[in-house]
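Both complexes below contain subunit A, partnered by subunit B and then by subunit C.
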Partner chain A sequence: MSNIHHSVPKIDASEKISGRMAYVADIRIDGMLHAKTVRSTEAHARIRDIRVPTLPEGYYVIDHRDIPGKNVVKMIFEDWPVFAVDKVHHIGEPIMLVVGPDKRVVQTLVDAIEIDYEPLESVFSMTESVIHYHYDKGDAEAAFKEADRIIAHEYDTGYQEQAYIEPQGFIGTYEDDRIHLIGSIQAPYYVKNAVIETMACAPEDIRVVQATVGGAFGGKEEFPSLIGCQLAVALKKIKKPIKLIYEREEDMDTTTKRHPSKTRIEGAIKDGKITALRTHIGIDSGAFIGLSGVVLSRAIIASTSAYTVDNLDISGDVYKTNTVPNGAFRGFGAPQMIYAVEMFFHHVAKELGVDVHAFRLKHLAKQGDRTSTSGLFRDPILMPEMIERACAMSDYHRKRKAYADPNVYKGIGMSWFLHGCGFTGSGEAEHIKAKVTLEKLASGLVHLRVAAVDMGQGAKTTLMKVAAETLGLPLERIVYDNPDTDLVPDSGPTVASRTAMVVGGLIARAAARLKDEWNDGEHQTITEQYTQPEYMAWNQDTFTGDAYPAYSWGVNVVEVEVDKTTLEVQVKNIWSTYDVGKSLDDNIVIGQADGGTAQGVAYGYLEVMRHHRGKLLQKNMTDYVIPTAVDMAKTETELFDNPFAFGPYGAKGAGELTLVGGAPAVALAIEMAIGERVHSIPATPEYLMEVLKNAKR
Partner chain B sequence: MQSVKFRLNGNPVTLKTDPTRRFLDVLREDLSHTGPKEGCGEGECGACAVLIDGHITNSCILPLGNVDGRDVMTIEGYRETERYRVLEEAYIAEGAVQCGICIPGMIIASESLLHHNPSPTDDEIRIGLSGNLCRCTGYNMIIRAIKRAAERGKGLW
Partner chain C sequence: MVSHAIPKTYAEALEILKDGTHRVVAGGTDMMVRNRAWAGLPPAFDKPLLFAFNLPELKYVRVDEKAIYIGSMTDLETLLHHEDTPSLLREVIGEMASPAIRYVSTLAGNIVNASPAADSLLALYALDAQIVLESVEGKRVLPIEKMILGPGKTVLDHDEIIAEIRMPKSSFTHTAFRKVGGRRADAITKVGFIGCAVVDDGIIRDLRLIFNAVAPTLVRVKSVEALHIGHAIEDVLDDIETITHHYAEHINPIDDQRSNRAYRKETALELARHFIKTLQ
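The block that comes next holds the complex of A and B.
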């Protein structure tokens, strides 16, 4: 039982290595047409006129007038049109599709369509709030009145692009009055439910199947619903198979990214401790709100990261701008806030002239403490041991003394962090109501009927192991095909670090029942539905209570060298310790750690994306730089067992945790190397030069 | 239209099509070789890597005409070799595969690297893989896989 963490060969590895695995772009259907999107070139404008050239036979244009139902992509906040009507709100906003048999002719037609715009005033600064949240804990006002000292700082973060190597795409068919979509997606039922709204049709008219996903990182959570709806409209009109695959530039230019943010933290200091925080975070949603409110929730709930502060006055706003809409990205609002909190604690300690490490330890959250939202840290917190181990692995204390001299241009930074596992608050119980089914065939094969998507994180292998282990069967007796909404119940989207914990938990329960009721030779079906742990109480209006059923914890240590002349940063080493409850497969969890930490660290110093008046300046893999094997340092990771009572075999969330601490760890290392404070990420050489120039003044 | 002739995984191929087309499109669309993937379409990510006369090449920025008279190997041909079997075992054992979209290209890059340097150091592997982007793994497990393949496949390269 406890050996479940021992690694097994990943179930899909061989097929992927050999090139036999079919991703959506690899699928061909006889007679299929190709679709390409016509997009806005203006940040904010009224559409005066659209002139479409005469179309050759077999070519079509599809626009908002072809939509049978609602011209809106159903997601949390429904303000995102499937196709623009008379106005565009950002550069790249889809206006119509051109569809036809020859890709090159389709492109020529897209280029030949002329659109007259009447420009409208655009907003590019974070000034127009569309969502405001606020919560309190304790009595921040009193704590600020009694403070010995008040220290305030501001921090900001830029865009981050998911940069999955496989661009977005779908292929669809129309047969027997049914729309069948196959796509690179994280959430089959999000796509299905969105298409039902757009097509104003019955649920049984839509079938959504997940194609093997070539990376997602949140970028294929809500965005594919938009493409799915557009393609569904085209399929209904043309009634032939259609393929819609983004090219890299189109993907980078128009798909959702991590929200840029600005955070101001004010701390009340009394007797050498932070007694209260007053924090405001603003995030830039871009032109449509989409999931931004939920991203903001996670950001503000992370306002104390791995620390306990008794008095809080926390608020945040989502600001709408005429830029590409932002959305889900691994970490979902937490990376922005945790970066700010970690920098702030360091900056306060420095200003107080006290030892940073001791100062942070004094504030570290303990079991039994109240969370930021006045919930309870019920489970054991292993951070003291994890921190000590990370310090030993990295030789942290010796190095931080040795590198204190800014003339050596070396630095070591450490971040402590947590991540709430699963949906925020009552989302899981009230909105998702996840179901899983185990279907045992007469032959004895057991099919996992779940909507969870393996996007590389190893969901298939992990969940199959849970089923096999519980049933006492070899892995070969478990079958887990890519989800098909005709065959699987809605076990929820593959997001929020919920899959192993929530879907895995339901599989373990269903498997235990199946084992009890097992009858050889009989076809048996067992369904389980999520029920929230009874202790969870959450008030969404006041942001009070248990925001998450469990928390995973982590420590990152990053060592850097900074070139004295160019101020280029080279990451030399990364050490991490993580508590994900119980690892369900060590190779898989450490693979998540390696990749997540790489993304998190690169967010802090390497990955630059900016826009100029709504036009993104980086649009491909050449100018948006993600780490190569040379940029990435060797990582050493250790996992700490801390089984969670409600997770399968004790598992909690793992996927996002590994990203959220990277940026502050590298930023703190850079800060040590240059001897000046970093307030903005990515900490590029240009930014560092500015910091040093301002410091000399 | 002039025809283009080359060897693909050992077999002669003659095509009558526009020689300016991207070789990746010809492989995937005309020859149903979908092992090479399109990640960026501009020679940056390496997902489309193939071997041309033994040299690693990004097929997405290569016009078809340039392969005339050459010997092309894609993952479809390479997977039939003993060296591939050693690499496959190593990639699986080290957990080097996540979403997998970059992996056929990584395998081609691994072959190219080991061909030139049968027992590379960590740093040499990092440099050897620097033309292939992976967004999932942070590269560590891929580097370990190549080291493992170099050890277990001694004498093959």
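The block that comes next holds the complex of A and C.
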């Protein structure tokens, strides 16, 4: 067995910690101009008139009329305009850019632009469905008919903001009729392909380079395509370097967030088991669909989380509202559903008056079981051992008895979960078709030519280790520059927990070939392309088959104490066990685990974002509360080896898994502490006060 | 363009302030945020500023047998570690903001900012702080509750600066401080409370109850406190629910991005009741 999991210092750690690393905002180009976005102040309105003051020499406004190609940000659904035309659909929707050399003048012009709106009726509730998905497994109708009992519950979740430390931004230049964009992005080819569509130009006219990224969490998956397209339009018209960097408040006010959701689960109970689920989840896409359909897919596929239920009737809708568009965020629809499923299983067990732990174990998925979409769990499932270990680490069984006392305001909650690794269904094989190239220079240095982005998660170190280990070379012989679409093939976006498994797998294959064909002193290039494991069969229309090539698994245990007087929640301890196949670097995986758990737990009790008639109320890092080091509990994490045949050294996904179980674990702990049920997250003191008041009535 | 002043001496500062055109900046931790501009541009101030933070004459902590005297430009981190700082004030400062902020923020800045959610004001109200205001015309001394009129509003005149904060020496048998924020550090208060009491032989001899973030200014109602003083703690406990009634017109919180009215009101009263129950 390889020792690849032994940790090495992250290759970018010293530059980042010392402050030497340059981010996109740090890049300065002689003669560069600054761009600022003019935005809608209305949630839904027709634009009657726009009055732009006389522009001083060297200042420009850029709007939809300057777009040479399609006024749409190329994603899956083509409903997201680059610039508003005659209507605005949410507060903050971009209408135009003001560009010029002096920021003061640019700001004055932005403030002086007058827009007349004719308000239209706005929608803020989840009523207007724009996408509906449904699938069945087994025969739910029959199971409900034969049920001893039917139990139904509703759960809802709020927004979550990625809160990456570095706001969104790009700098661009125009030289030799080419547009060159450098940005804080997760998906260089998403930006390139979107810009090609907007500019109606040839692929070779666009070059996209990733600047060092200061955090992303999904927030820089699709949103940067919008800014990239806007900047490209401005570059083509003005032909000078332009910088477009968001301010924190602008970023929080206008960029994509995690979709708020409402889930209703109905369970058919027969002989003490859940025999069928009828589940509906609604997610709020905001003003444009963007990636919401794919988020919904992942949510509904997660409808049984780590359990097996034989009969399912699962559906979901994407609802459009006149609010900021929502999009990709670590977990991508799974956190909303897995929270609901975990709460539901607990609530059902309590209503049946049976031991929650035993009840859940009865339903736990096993190797050979059919997945929610009637695919197959092919690989070993280590959950029984992982659960036992997590119970031992946390002293779970003793504590849950001790904390059952209504006078004790302590609680312990446990969540079990899985995460499908990589794109849903056949996305990887049909849409992404990832390619990686290893380029060995005559000097013996090996360059990784991949589009994968290190946004802090450690992709560079991890992928370099895979190449070095396979080639039998020291790490220093491997070079991994930030991706540049002029130099790297499209190995896909850095999303969906696919980078280590898919891109890493291709690197391992290419490296093995390079090792075989190695010729000292010769320049050699090896390219590998993704091929889907042969067993994968997926029908997107019926949502049946293998939704993912592999699953990572996890257990979180969270212990809390609730203040009796103020109902403040203090997270005391977090214990976790994870199966990510094979760790490619223990420190990096533990880093993902600590960060993911912090983000997942905070989603469950701390992070509040709401809007009032389309205007977000928490607009900066003072009002949007994320955990500080003081809030963060002690964590103890253990990794279980369970190598996956198609991953490099057996690795599966690790990035998103660590987030999805945090919210239900903390919500269940809070539930135990206050002795009342939690149906809504974040479970803030304000919400708990309401719950306790209603319980008294 | 406005032109800002950085006086070298306190006398020079008072002279510059004379015509009433300058606004005094202490640590600037609120003002700089409030007047922030697009990154790379200077903050946008509509009035010329007078930077007072480095005036040596205003950086001191002195004590005598009656009181503690704090120069207005003394930063909170200094007060946090100063041996003469009243323990209640020290406790409050320890939970305020973050260390970086505390190194430049001042009590004087908190007073003039007059935020209903200000933590340090809880201690100043509880400790009967007196505020010394000075201009070239002379000095005046005001109790803290007379100094603050509403959110961001004080009686400070355009030519005045806060010179000193005084607190008479006090001792209590019981004190409690609770800051309820969105998280456990670096948070703006949703609701806060200080209680201080002197209980002697089962009789309440002194009682002070102060709340923040529940009204336009901090709430300390001496007439309600007086109702309890001189009474046996048992009698007060029997009657503890009346506290809701006594504060009904004073505790009037709002819904905002940090919390809501119901939670703030309930929690404020619960903190007070909880404190009184500990006096036994």
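Definition applied: the second predicted complex is superposed on the first by the 696 of 697 C-alpha atoms of A that agree within 3 Å, B and C clash if a C-alpha of one lies under 4 Å from a C-alpha of the other, contacts with A are read in each partner's own complex, and residues count from 1 in each chain.
In this section, a residue touches a chain if its C-beta (ideal position, glycine included) is under 8 Å from a C-beta of that chain, and two chains touch if they have at least 3 such contacts.
In this text the structure is predicted, and so the values were computed from the model without any measurement.
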item: Touching partner for A:17 - first (subunit B), second (subunit C), both, neither; value: first
item: Subunit B versus subunit C as contact partner of A:588, first or second or both or neither; value: first
item: First (subunit B), second (subunit C), both or neither touched by A:449; value: neither
item: Partner chain in contact with A:262 - subunit B first, subunit C second, else both or neither; value: neither
item: Partner, of subunit C and subunit B, that touches more residues belonging to subunit A; value: B
item: Which superposed partner A:247 touches (first subunit B, second subunit C, both, neither); value: both
item: Subunit B versus subunit C as contact partner of A:89, first or second or both or neither; value: neither
item: First, second, both or neither for A:568, with subunit B first and subunit C second; value: second
item: Which of subunit B and subunit C A:599 touches, first, second, both or neither; value: first
item: Touching partner for A:457 - first (subunit B), second (subunit C), both, neither; value: first
item: Shared subunit A contacts, counted only where both subunit B and subunit C touch the same residue; value: 25, 247, 622, 626-630
item: Interface residues, subunit B side, partner subunit A - complex; value: 28, 32, 34-42, 44-45, 47, 74-76, 79, 87-88, 91-95, 97-104, 107, 122, 125-127, 129-143
item: Footprint of subunit A on subunit C - complex, ascending; value: 37-41, 178, 180, 182-188, 191, 256-260, 262-263, 266-267, 270-271, 274
item: In the complex, subunit A residues that touch subunit C; value: 25, 36, 103-104, 107, 245, 247, 565-568, 570, 606, 608, 610, 617-619, 622-623, 625-631, 685-686, 689-690
item: Subunit B-touching residues of subunit A, taken from the complex the two chains share; value: 7, 9-10, 12-14, 16-23, 25-26, 28, 162-167, 212-217, 247-249, 455-458, 587-588, 590-591, 594-599, 620-622, 626-630, 632, 634-635
